[in-house]
Structures are given as structure tokens and as C-alpha cells.
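Residue numbering begins at 1 within each chain, and the chains themselves are lettered A, B, C, D and E in the order written.
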Amino acid sequence: MARIGVFVCWCGSNIAGTVDVAKVTEEAKKVPGVVTAVDYKYMCSDPGQNSLRNMIKEQKLTGVVLAACSPHMHENTFRKAAVKEGLNPYFVEIANIREQVSWVHEDKERATQKAVDLMKMMVEKVKRDRPIEDVRVPLNKKALVIGGGISGIQAALDIANGGVEVLLVEKEPSIGGRMIQLDETFPTLDCSSCIMTPKMVEVNQHPNIKLYTYSEVEDVSGYIGNFKVKIKKKARSVVEKDCTGCGDCWNACPMHKNVKSEFNMNLSERTAIYVPFPQAVPLVPVLDRSVCLHFKKGGKCVKCYEACGPKCIDFDIKDEIIEETVGAIVASTGYDLMDNSLYGEYGYGKYKDVVSGLQFERLLSASGPTEGVIKRPSDGTTPQTIVFIQCVGSRDPEKGVPYCSKVCCMYTAKHAKLFAHKVHGSQSYVFYIDIRATSKGYEEFVRGTMEQDGAVYLRGRVSRIYEDEGKLIVKGADTLSGNQVEIAADMVVLATGVIPKKGSDKVAQMLGISYDKYGFFTESHPKLRPAESSTAGIYLAGMAQGPRDIPESVVSGSAAASKILGLFSKNEYEVEGTIASVNEATCVACFYCQRVCGFSAISRKEIKDRSGKVIKVVASVNPGLCTGCGACVNACFSKSIDVKGFMDDQIYAEIKSLAI
Amino acid sequence: MEDKKEGTVKSEGNNVSDPRIIAFVCNWCTYSGADLAGTSRMKYSDNVRVIKLPCSGRIDPLFIIEAFKKGAKGVLVSGCHPGDCHYISGNYHSRRKYAAFRDLLGFLGVDLNRIEFSWISASEGNKWVSVINEFTDKIKSLNDNSSDIFKK
Amino acid sequence: MEEKYFEIEAENLKKFVNSLISDNFNVIAPKDKDGDTFYGKIDKFDEANLDILLPKMSYKEYLLPKTETLFEYSFSGADVDIKDGLASVTGENKKRVIFGGRPCDAAAGPIMEKVFNWDYRDEFFNERFKNLTIISIACEKPDNYCFCTEMQLSPESSYGSDILLKKEGNKYFAAVVSEKGLELITPYLSLFKETTKDKVPADKDWKKIFEIEKTKGFLDKNFEHNYFQDRFLSCIGCGICTYICPTCHCFDIQDEGNLKEGRRIRNWDSCQFAIFTLHTSGHNPRVTQGDRYRQRLMHKFKIYSEKFNKYLCVGCGRCSRNCPEDIDLKEIARDLSLL
Amino acid sequence: MANTDEKLQKIANDLLESGEVSLVIGYTKGSNPQRMRPAFITKTEDAGRLSFSRYAVQDLAVFLKKPEVKKFGKIGIVVKGCDEKALNALIQEYQVSRDNIKIIGVECNGIIRQNLADKGETAVSEATVYDKCLICNEHTPILYDYLVESGEPKLNVSGNIKPYAKIEELDAMSPEEKNSFWEKEFDKCIKCYACRQACPLCYCSRCIVEKNMPQWIDTNLEETGNAQWNLIRAYHLSGRCIGCGECERACPVNIPLMMINEKMARDTYELFGYKSGLDINAKPVFGVFSESDFNEFIK
Amino acid sequence: MENIYLPKLAEIKEIIQETSDTKTIRLTINSGSIDFLPGQFGEFSVIGEGESTFGFSSSPLRKEFFEFSFRASGRATTGINGLNPGDKLSFRGPYGNYFDTAKMKGKNLVFVGGGIGMAPVKSILEYCFDERDDYGKITVLYGARTVNDLLYKNVFDDWKKYKNTEVVITVDPGGETPDWTGKVGFVPTILEQLPLKGENTIAVVCGPPIMIKFALKSLEEKMGFDKENIITTLENRMKCGLGKCGRCNVGSVYVCKDGPVFTARELESLPNDF
């Protein structure tokens, strides 16, 4: 017997300002099965929740409907409150009369009518709710971290230090990510590799971390606690365990000039067999088969092999697929810079001395192509005047992206500062729109660049850059003075915006996590669950989630790690019980459900009689794999499969309640 | 029997100027997109009633028929953009089905202007608003006689 | 009532029917549609096709509509308001004339009337039956699927008709066998010429090819006979035989509506469907199609006759003609009578 | 034809005698000379009843869904090319195991429309056969264990008769016109579900219309319930129908069901390049998707 | 002119949760019961969700209410399951035949019920209790699969209070709880252990088909009951309850009108179609 309670929330004036909550309450009382209906100022507050709990107890409610804000806000709050009174949490339904009514409509009468409709709809749904018990799945206490940048490294180390085995998979030959490319870091100016390298080494030596560099995650299936992952270890052509990292091989490689160094942002060359940078971890070279003469010229060149003492070069190594089962995953795939060539007027790609921020980092770096001496890529001379342009691509919905890349203000200030330190008497100009320097010590840092290091900050955009007699003529506007300015610079550095790593959308699709329209992974809740992805057991860290600086990336790595350690502190994970179930009496085993299931959650089940003879084959749902998406229900002709929480008869009743 | 139909269920209201529109949306993208429209205090037509499903893959053609049966003048089906499905492929499967189902409805004489499909992500509050408003306007502009064959 | 006999010229018959139509009678007659002939409302005599043996379907729906509203309901809060569906049937009071049907179809009415009136009176049926006047035309050439003669009727039987026409040359003899029939023609008597029974051509001597009592005799004793399971392997359970049958009357009762209002209806149903007797528990007394076809035979040739003293079959042969798998009831009834 | 019959009888006899099958489903002479009917042969001595002709209209694959028939285990079945496609689809959808079935294919040169045959038509010609015969590419079945050639004369297709011509006619109509066309058609429907029962691919043990929690499809036999039934039937057959036409043949009120089925078959082919029943190893069109599927109708 | 399909509206007076999935609903019309006889049934419905057939489970002599018991399994019963006291239920009936109480008068009676099949037994049992002096010894044997599946637990003690009455409750082996004090064993087995003889005794047996089958066998073959003196009920699927819709045909009877009460003798003459 249905005893439904309806609770109409005012949300202060957020709802009550547009919806006649008293009317909604009155209408609720008239609905068959509703035994009580009340309105309250803030249902989510403690007193509000208490009134819900009291009513459940006093009225022996079998179900409750909250006409309130979006279920995405407080469904869990109210479910938890209901559980405390012994009600199954799935007997709590939310009629969203805030986001879908009061905030988006203005006509009070019509808004109230809509609120009444939505309330009635959910009463019909809750009447047909069945108790749902959550499913417990065992946890494989091993974690996978995808991406070995600073956030991935941090996550891996934290998890490993918590006593849990970690697989760290990095696409590049070395871990280190973007951070290891940086010179000094704002606002403290400590050297990036000095603080990064020890962490990289720690990763390599950690007994709980299995490091796969030059490897990619190729496939992920399964579910929280039980992800089956396939890692492709790309053929390195070097036997890692035997390699000493001595360098004889790359010194012997004849391919000196032609291969651009990715690590140095194409500002230098590397050999075909190479380590991307001297502090690479692991310090084991990779043979780039796309350029290696051995592979291009039919096996003739074996110079590296000849040079190698331990003879650990093996041209026959093949890509290897490693299969592992993990319980949780951290996605920290990092970022790329936007394509500067979108800004033709800046001449990137056309003028060698127009460089990106990361290129400038390499020019600053002691381990970089110029060994830390700032030199113009065009002629190797040291520039005396550099123009820095901020917001290249960022905050530009027309050509770039509308968001702020967050780190550019700070690294430009750092660049200008380091330039001033390294080249005495030099002058830098910074074109900016706004200066965003909001963390500890940031504002002081920028101010120092302006005041102590003499950088001239010009508020405005650059309209054009062209070359004239070896100089780059930068034409722009200084909107503060209202003047057009023209600067003859030796170099221009573009503070290019950041975008998600190329291919991260494919990673997201493989993992089944959502991402926003730019490709950044979406957190489960932007404020309250920032470390979790939309899929249970998969966590997010670093720039893959959105622009952030180093400390934030480290924090996010740690956050993901702590979530995983928390998850692994128990032996089982509870999966929501909103999963599919089969009506075996009417299932005819056509297995369309199996075909459309994205989670391989459907299998064949043989029903046998007492003598063991198979009398029927039916579909069967694996509760650990099923996510309750309901695609199978749609595929089933005879509706012999249904998904709990969104049962066919509930949807039917919802539609029925809307009849006019 | 050609001469009389007795006692079919009558309907009231729901006229051309104030049509009932039922939207079946997925929980992860479109519902969140609608939430965003709310949070952003965007205003849109109040003719729409939203029914939340886990995934567009769960939105059965039967729901559409049922909505028309119950007097809806327009039905919207909305889910995550291709590739964005929280459940990986639910929207792809439903897209394929709906491509065919739509053809079938059209062939049977249902005015396809009355059925709208959209991909609306969690960040597209504005798209939600424009889809709802444009759809509502379109429904209002249709001749009421072009109604479907499921409800008399 | 004592039967009365008339003669009517073919031309006058046309006038008579057209007059009925113009006097607001609903005239239902065999009518061509989609390459077949069905009973349907005609707007003039010429729309009727009197040359065919039988329309594809019977006119059962004028006695038992495909869907009948038993009552309508509407809710206001916890209260429910019920509107009797019978009112619209009685209020309708619309006279229908079935014109040009065959004696077999006409016989179905009084046969079905029994089940609808033992103990509980089904006024929906009664009201419709009361308002139906049936003018049948005797068959001259029954086909191989016909077996009305075996079913205690004949191609010239007036059972169930109000008026039976027999064609002879360019004129018809009309036997008016009921008050209803007489009442119908009275305003148009000028078109008719009264005559006497002896002027009417005598019925032919229709031969039976089997004895239906023997069929029943088999059914009485052989509920578990293998014949049913074997013979009806070829039955796909489509139920066409029951839907187009003039006497099959099984129905289902269903509620349809929304949270505000709706109606309780009865719909045609068929014993040929597995779900017909399926219990909620999953138990089904009639598991196989053989079981279900046996029930059809039993109901037609045994149960009904024991209960109501009439076979629930008029021998029209529609089920045989229209069976997609060529199951021939006449053949079966004959086979059983010989077993 | 006598030759065809003898061959069929011999195959059936051999299959039964060797115990390879315990039942052969074929055709035998029907209730009049222009009708055939299904025959269920379980004993070699009955094999002589088997026959085939231009009147062998039934798609015998329909019987494979009957529990009573399934009980026989290994079954031999006589199929025309169109009917054989139903077997393929049933195998694709796991309803029939290839191992349990012996396919006795017969070459078919066209089947005379039953309503014409009943009226005495005996000649196989463009004007007398079903539309499906005019577009048939599988006069010889795709898959078979035995093949029996037809003794019937070849069907000459001049192209003067356009099969399913009404589809284009309807496609060109406005929604209102289409609506009123189908309204008239569906009004005739008596919901006997013969279309379902006659369909070899409608094999659900409990049809969606027989499920009442919830009752998605109205039970009434009026326009609304009828339209819903006909829509859902067509939808469930979309991309699956192999075009045997049994639904339309069975329909006692002559609703042109094949128009809908054929339309959906054409559209499915156009949209997804899939034709049903041609390949037992193919994945059914609505069990898979492509990222590049038709997206234009979605905002 | 009467529309025989038109229901009356009854008000729910009380709902008794019998087991986890069965309930007894007590109804009143104009604050009282309706006229019916034990064994008869009605068509009950929440309007909008369709009708369902149930036998009355109360004694017609108790005039303040009438009741039926049901298990929520289909659409109609799920609808009824959602109701609260005070709600309205639509009802048609009473229909069908009834237990021949005249024949039972002066005789010893044994009532055998299984599971929810006890419902019609309870009606005739309590009817006999209400006129206790008219009958001889009364033996009640009621069994269910498990202790939790027993209905009417709240009235067992009332039954035991009547004079010259023995009440035996049993559960199937494995269905007992640690504190179970009743019998353990299948109904037919326990039945055979009871000190009963066929003479001058009438047996009423209702329950699942398998139980009826074996209980009848025990009564007839081992305990010497005449088929005439064993009475049972058939539970066919029905729609109209009025002998029209054709669903409940068995042999030549319409269970809804000629039944649902049959003697074992009558049952014997029916084909196995139920």
C-alpha cells in the first residue's frame, strides 16, 4: 500500500518566488496514495531533513517525493536522510521544480502548474519504485595511472606509498611530462628539473610502481574494482633491463641532423635512437623506427648495435600487449599548446623568432638546445628586446577558445623576469588583456617583473607582426593610453593557450568518461567531486581536466590518489543497484540486449530441468558490469528485460500522469 | 463499424497555442544541460515537461508513442553528443534506431515536425533553451489537424 | 408470427433498399473493398455486391463490436465517477438493416443470443440485436467450404433472418418471418406483392456429407486423442478463424485511460492465443496449439450444444477459406465424424 | 513437377530413414487443387505426401517458432528462396541452430497470389504472382543442404508492373494524406494478430501487446489501438523483415502490410546498407552502430 | 435495463498484511457486507487497472464487512496493492455457485487448505463456525510452503476456540522456523495422519492444483471418502464472471457460473483442461 509523502521546498525565494508552493502542496494532497504533503523553506537544511525523517517515521511513509532542486543537487542528501528512517533510498524521488521551473519560467501560474505536473509525475514514479539493494563487487587493489606528468607521478607515488601497487603508463619514452620541459617555475623560481627529477627517480625505484614508458593503454573494459586493461608496450628496440644508459648508441647513430627533438619543441635535433633529455626516466633510449636507417634501408645500418656494449639493441622487438586487472584508474593525460598558426598575423611558423611559451622555456633551460643562453632561433644571436603576447588563443571564442588558460599570465611574467636576469640591459614588453595572478605570491611576482625587472606591460592586443631588417615589428594597441604602439623586437614569445592532449578524447571514450566540448575530462561534480570522473573507479588529475598550474596539478594527483586509497581501504565496492534484470519467463534469447550492451554485461544462461537437460536459454545480467543504462530494454522486443530505477511501468506512469 | 465510435476518451485543453511537449532526456548530458540553463537563469518556454532517463539508449520509441497517446503535441528526445555517452554507445544505438523509427512514423503519416531529436551536452544550457524554444514555436505553428494517429 | 410471403421485382428491391437508406436506416450490405467483399454501410443499393457467395468477414461486429465501451470513468481526487456505457447503446436507438447477407450469417444472431442471455442478460448485445433487421438472400451455389446443411441449417434457411429473399429470374420471393421484418417493409408495401407459400419455389434437397452428431460423438469421448496434437501442428495460432467467425464471441475486458479518465472496454479475443487461458502463476491449461484448436472444436460442436442446445457454428466456411495454412474445418468435422 | 515432388519425397524419406531428422516440414496438396498446405512428415511412409507447386505460398519457417515443433529437435524443412531468408535471420538471432536444421531448398519461379488462385488462376505471370516474386533475387535459396530444381516455367519479368508501386505514391504524399490513408487501413484492423502469427520472425513467446505492466499498446480494436499495434509490429520488423509477405497474405482485412515492411527494408538498406536474411554471419542491423551513422535529423 | 458489467464501489475498511506478498482486504458497502454465499467470488478492481477475480474469504454471516485475499502479481492486483484504508475499490458480484451447506449440515467436516487457496475455505469454515451447532466435528488442516507463507495467522486462535474443533497447521519440510510449533509435512501427508473417516464426513479442499490432486487421492483412496463428499474449487482464468466471455470453459461447464465449487465426482467428469 502506497503511503507517499510530498515535500515542497521553497528554496528560500528561489522556488517560492515563482512557484506557488502552497498550491503545489494542496494539489499533492489530492493525489491518490499521497498521505501527507508539506512545504518547507529549505528542505536540504538540517531542520528540513529532520522534518522529512520525522514524517517518514510518523506517517509510515513508503515513498517520498521532494519537489525541490535538481536531483543532481540533493537526491543523495535526501536519500541518506530517508535511509536513516529505514526507507530504501530508491523510494526517494525528486521533482525538479527549481532548475526546470522556477529558475527558467516567469509566469507564476503556469510555473506552478508545471511544478504540480512534475510533482504528480514523480508521485506516480515513486508509487512504482521497488526496493533496490546495491550490488557489492570485489576490488582488485591495483591502480592504473595514465600519463606520467607531474600529476600522474604524484598520484602514482601517493598510491604506491599507501601500499598499493600502481601501473604508470606513459606514452613518451620518459616520464616527466610538460613540467620537465620547464626551466624555472613561478613564483619561487626553483628549477623545474631540480624538483622534478627526484620524483621521477622515486617512481622508477618504487617497489610498488610498475612503470611502462613508451606505452599506451589500448583498451579498458570492466568496471570499478575490476577493470581489464590492455597496455601496448611499443617496441623500444632496446632491452631495458640490460641497458645502462651510457649513450654509446645515440652517439653512434648517423641520424644527427634530420630529426626534430620533440622535447625541445623542435628547436634542436635528435638522433634516431635517443633519450629525449639527459635526465630521462628510465634512462633507456628508444629507437625511432620511423627515421632509423636500419628500418628504412633494409637493415643495413647497425651502428648503434655495434656501439652497444651490453648488446641490448634488438631490432626485432615487437609491440607487446600486457593485460592487467586494476581496481581503479587515474586519467592524467595532460595538455598540448594550441596551434599558433591560427594567428597568421603573428607570423608563427613564418618568422623563426616568433616562438611559443614552451619553446621559450626550452631556450631558457640549461639542458635546452642553447644550454640556457637565450638565442634567436633564426641567427643564434641573443635578443635584446622581446615582446610577449598573452592570451594567444585563450579567451578568444572567435579563433581560439573562450576559456582562460590560467598559467600564461604567470609564465609570461616569469619569462620576462628570467629574460631580464639573463640578458642585462634587455627590454621586454608584455601585451596583456588582464593579469590574473591569484595564488600565493603570484601578484607579488608579477609586480616584481614589472617594477624590479622593468618589463613594460601594455594593455591591449597585437594586431600584426612583420619582419623588417632582421627585426620583428610588433604593431599593437595600448588601450590604457589609447595609443597605437609599434615595437621593433628581436623576438616574440606567444603565451599560447592550453588544450587537452591530442587523443585525450579517444582515451575518454575508451574509459567511458565524459569530457567537455573542448575535450577536458569532466569531473563528476565541479565542486564536490572534482577528483572523480563520471565513471565509478576512474579519477582525474592534472591539466587533462582543465588549465591549472603545478601546485594544483600536484594537489589533484594527490586527491585522485587519496580517493583510490580510500576506495581500496575496503575489500568490496558497492555498485548502485539500478541495474538490468531479465524476465526469464518471457525472454526468447534473441540476444539483441547482448548486442547493444556497451559493457558486456549480458551473457547466456541455460535453464535446466531437474534431470539437467537444458529446457531454455535466456539472457542473464552480470550485476558488476551492468551500469543500468537501459539500452538493452530498448533493444528487447518483448520487454523481457527492465532496468531498476527506470522500470518500464514507471516511465509509463510518468507519461500517463502528463496526459491532457 | 463505420457509423459510430462510442466513448473514446476525450481530451481537454492542449490547444494549438498551448501545446504539451514532452522531452525524454538522458541524465548525464541533456538533463545536466537543462540544469545549467536553470542555474544560469535562462528563460524558456514552459510547455515542456521533462522525463529523465539514464541514457538516450533507454528512450524507447514506445515512450514517444505513449506521449502522443497521452496528448503531447511534440516530443523531444535528447542525449549526449556522439562519443560523449556516459554509457559509451547508448546514443549511437538509439540514433540508429531513431533514424529508422522516424522514417516509419513519417511513412505512417505522423508529421515529423512533431518529433525532435537533439544532442545537448551538460555545458550546453543555451542549446537546451534554444532547442526548447524553437521546437515549441514550431509546434505552435503547425496546423492542429496534422496531429498523429495514436490519439483521437 | 405466421410467415408472410411476397414477391418483389429486382427493380423494386433496389427501390426498397434505396428508400430505407433515404429514410435514415443504416443499411449494411456486402460491399467491395480492396479486391474483396466486406459488409459495410452502403449509401445506395448499387454499392451492394449481391453476386458473391459471402463477404470475407461476418457481420458479427454489429452485434458485438470489436471494442465496446462498458463504461467510462473519471477521477476527481479519490472519487471516481462512472458513466454507464449502455446508455450510449440504448440512446443510440439506431436501426440497422443487414441487407444481402446469407442464411448462415443470419443464424449466428439467435445462436449467440443464448450465451448472452443465460441467467445474466447482456443488454449491450440485446440492444444491438433488437435494433438489427436482417434481410438475407438464400444461397444458390454454396462452395466446397460451405457446410451449413451439416450444421442443421441450409442455404435456404430462414433461421435468424427477419426476411429471407430467394431469387428467381428477375424477381425475388420474400419470406417475412418476424414482426421486425414485417414492420420494416410495411411502409414500402407498395413495392411488394403478397403471395402464398406454395408460390414460392420449394427448398432444394441439400445433401449432407457428414453427420455433425457423429463429430460431437467423437469429441464427447476423445478429449485426449492424438488427432488434435498431430493435425494442428500446422496451425500457427493466428486466430483468424475466430475473428472472422460469425459465432465466436469470446472477449477480453480491459481498462484504458489516464489518471484523469478512461473507460472499461471489452475487446474481441481468441481462444487460439496462448495467453487466453494463461494463469498469473504461469500455469496454462492449454499449452499447445493442438489444445487450443481442440477447444475451438469443443466449444463449437460440444460445449455450446450441451449448454444451449445449439451448435456454435453455422457452417459458413469462412475459417476454412481464410486459414493461411489451409486448415479446413469442414474437412476436420467430417474426419472426426468418421473416426 | 512430378519430378520435383519425387525428389522432395526422396530427400525426406532419406532424412527420416537415416534418423538425421525426426520431422520434415514441407508442402502437400491442399483443400482445393489451387491450394497447398503445410505437411508434417515424421514417418517415411508419409513422405509420399510431399509436393511443391506454384501454389506453395506458405513460409514454412514460421513453424520453427512453435514449441510443439521445436520438440522434434532435428528438423528438415522445405523452403523457397524467400522463406530461406527467414531461416537465415532466425539463425542470426539464435532462434534456430544451423546444426539442427536440414534445409531442403526448392527453386521457385513465382507463387500465384492466393486470392487469384482461389478464383481459378493457374498461370504464373507477372500479373498473377506476388510483388515479392517480382523483386526476388533468391529464386534459388541462398543456403541449403539439398536443392530441388523447379519444374515450373520461368517467370518473365518485363518490368511493366512496378512492385510495391504504392510506396512511392505514398512517399510523395503530405503527412495529412498519409495519415488519412493509414487511418482508413488501420480502421479495418481487427487485431487478430494473424500478421504476427504468420511472421516467421515474430517469435517472441510473449508479444509486447500481451504485456500489461505496462500496457504500452492500447488493447482497443479502434483506430488508436490498431495504429499502435501496426506501428510497433512494423518497428519490430524493421531491418529484420525478409519480405516473405506472409503477414499481408494472412491479414483477413487486407491491410497492405508489405508496403510498410518493404518501405522499411528499403530505408534500412539506404541508411545502413543492410538487407535482412542474406547472411547467417552478419550482425543484425539494429544490434550494431557506426559512428558515422545518419545524424542529419538530430539537432 | 441493467449493465451487468457495471461495478459497485466498495470502501476499504481494513487491510491485513497476511504475508510478505499477500493481503486481505476488508470492504464495506454502505457500512455493511453484501449478500453472498461461501464459495462465491467477485471481480475486484482499481478502476483503470483492470479487474481480477477473487473468492470471498469471509463468512457471509459476519455482516459488518466482506473480504478477499490476494497476492500482487499482475496489473490489477498491483493496483489493488497500492490502496489504503478509506480508498474505494470497484467490485462486481457475487458470482458463481457456492458450497452446499444444506448437504453439510449435521455432518463432520474437514477443511483442507493450501497457501492462498485457503481463502474460500476460510469463508465456508467461518460460516460453519458461525452456526457451529449445525455441524459435527470440524477439522481444519491448513498448510503453506513456509511459516511466512501462512495466511490468516491472526485468526487461528479464534478457530481453535470453537467446540469440537481441531485446527492443524503445517508447513512444507524446510519451511519451518526455529520457533515453529505446528506440524511439518506436505498437506496430503499430514491429512492421512489425521483421525478421519469418510463416513458422515464432508471434505472441503482448496489449494494449488498439485495439492488438490494428492489430497483428493488421499481422501478417496486411503481414507474412504466418497467423491460426492469431497468438495473443491477451480481457479480458472476469468474475465466477465458472467458466463459470457468464454475464457473459463472446461468441458461443458463455465467455471464462473457452473462453478467454481465442484465435487470430486463432478470434477472427474471434466476433461483435463484446467
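Definition applied: a residue touches a chain if its C-beta (ideal position, glycine included) is under 8 Å from a C-beta of that chain, and two chains touch if they have at least 3 such contacts.
All values derive from a computational prediction rather than experimental measurement.
The set of chains touching chain A and also touching chain E is given as C, D. Closest to the protein's overall CA centre, chain by chain, comes B.
Comparing mean CA positions across the assembly, the chain most remote from chain B is E. The chain pair with more C-beta contacts between its two chains, of A-D and A-B, is A-B.
Centre-to-centre separation of chain D and chain E, using mean CA positions: 49 Å.
Computed centre separation for the pair chain C/chain E is 39 angstrom, with centres defined by C-alpha atoms. For the pair chain B and chain C, the distance between C-alpha centroids works out to 45 Å.
Centre-to-centre separation of chain B and chain D, using mean CA positions: 34 Å.
Residue positions of chain E touching 2 or more other chains: 50, 74, 87.
Residue positions 205-206, 208, 213-216, 218, 222, 286, 288 of chain D each touch two or more of the other chains. The set of chain B residues touching two or more other chains comprises 8, 66, 70, 83, 89, 93, 97.
Chain C makes touch with chain D in their complex at residues 33-36, 38, 56-57, 66-67, 144-145, 229-230, 233-234, 236-240, 242-244, 252, 254, 256, 265, 267-268, 270, 273-275, 287-290, 320-322, 324-328, 331.
Residues 170-171, 175-183, 186, 208, 216, 218, 222-224, 227-228, 230-232, 234-235, 238-239, 260, 263-264, 267-268, 271-272, 285-286, 288-291, 293-295, 297-299 of chain D touch chain B in their complex. Listing the residues of chain E that touch chain C in their complex gives 1-7, 9, 45, 47-51, 73-74, 77, 86-88, 90, 209, 235-237, 239-240, 242-247, 249-252, 254, 257, 271-274.
For chain E in complex with chain A, the residues that touch the partner chain are 15, 23, 81-84, 87.
Residues of chain A touching chain E in their complex: 1-3, 32-33, 35, 127.
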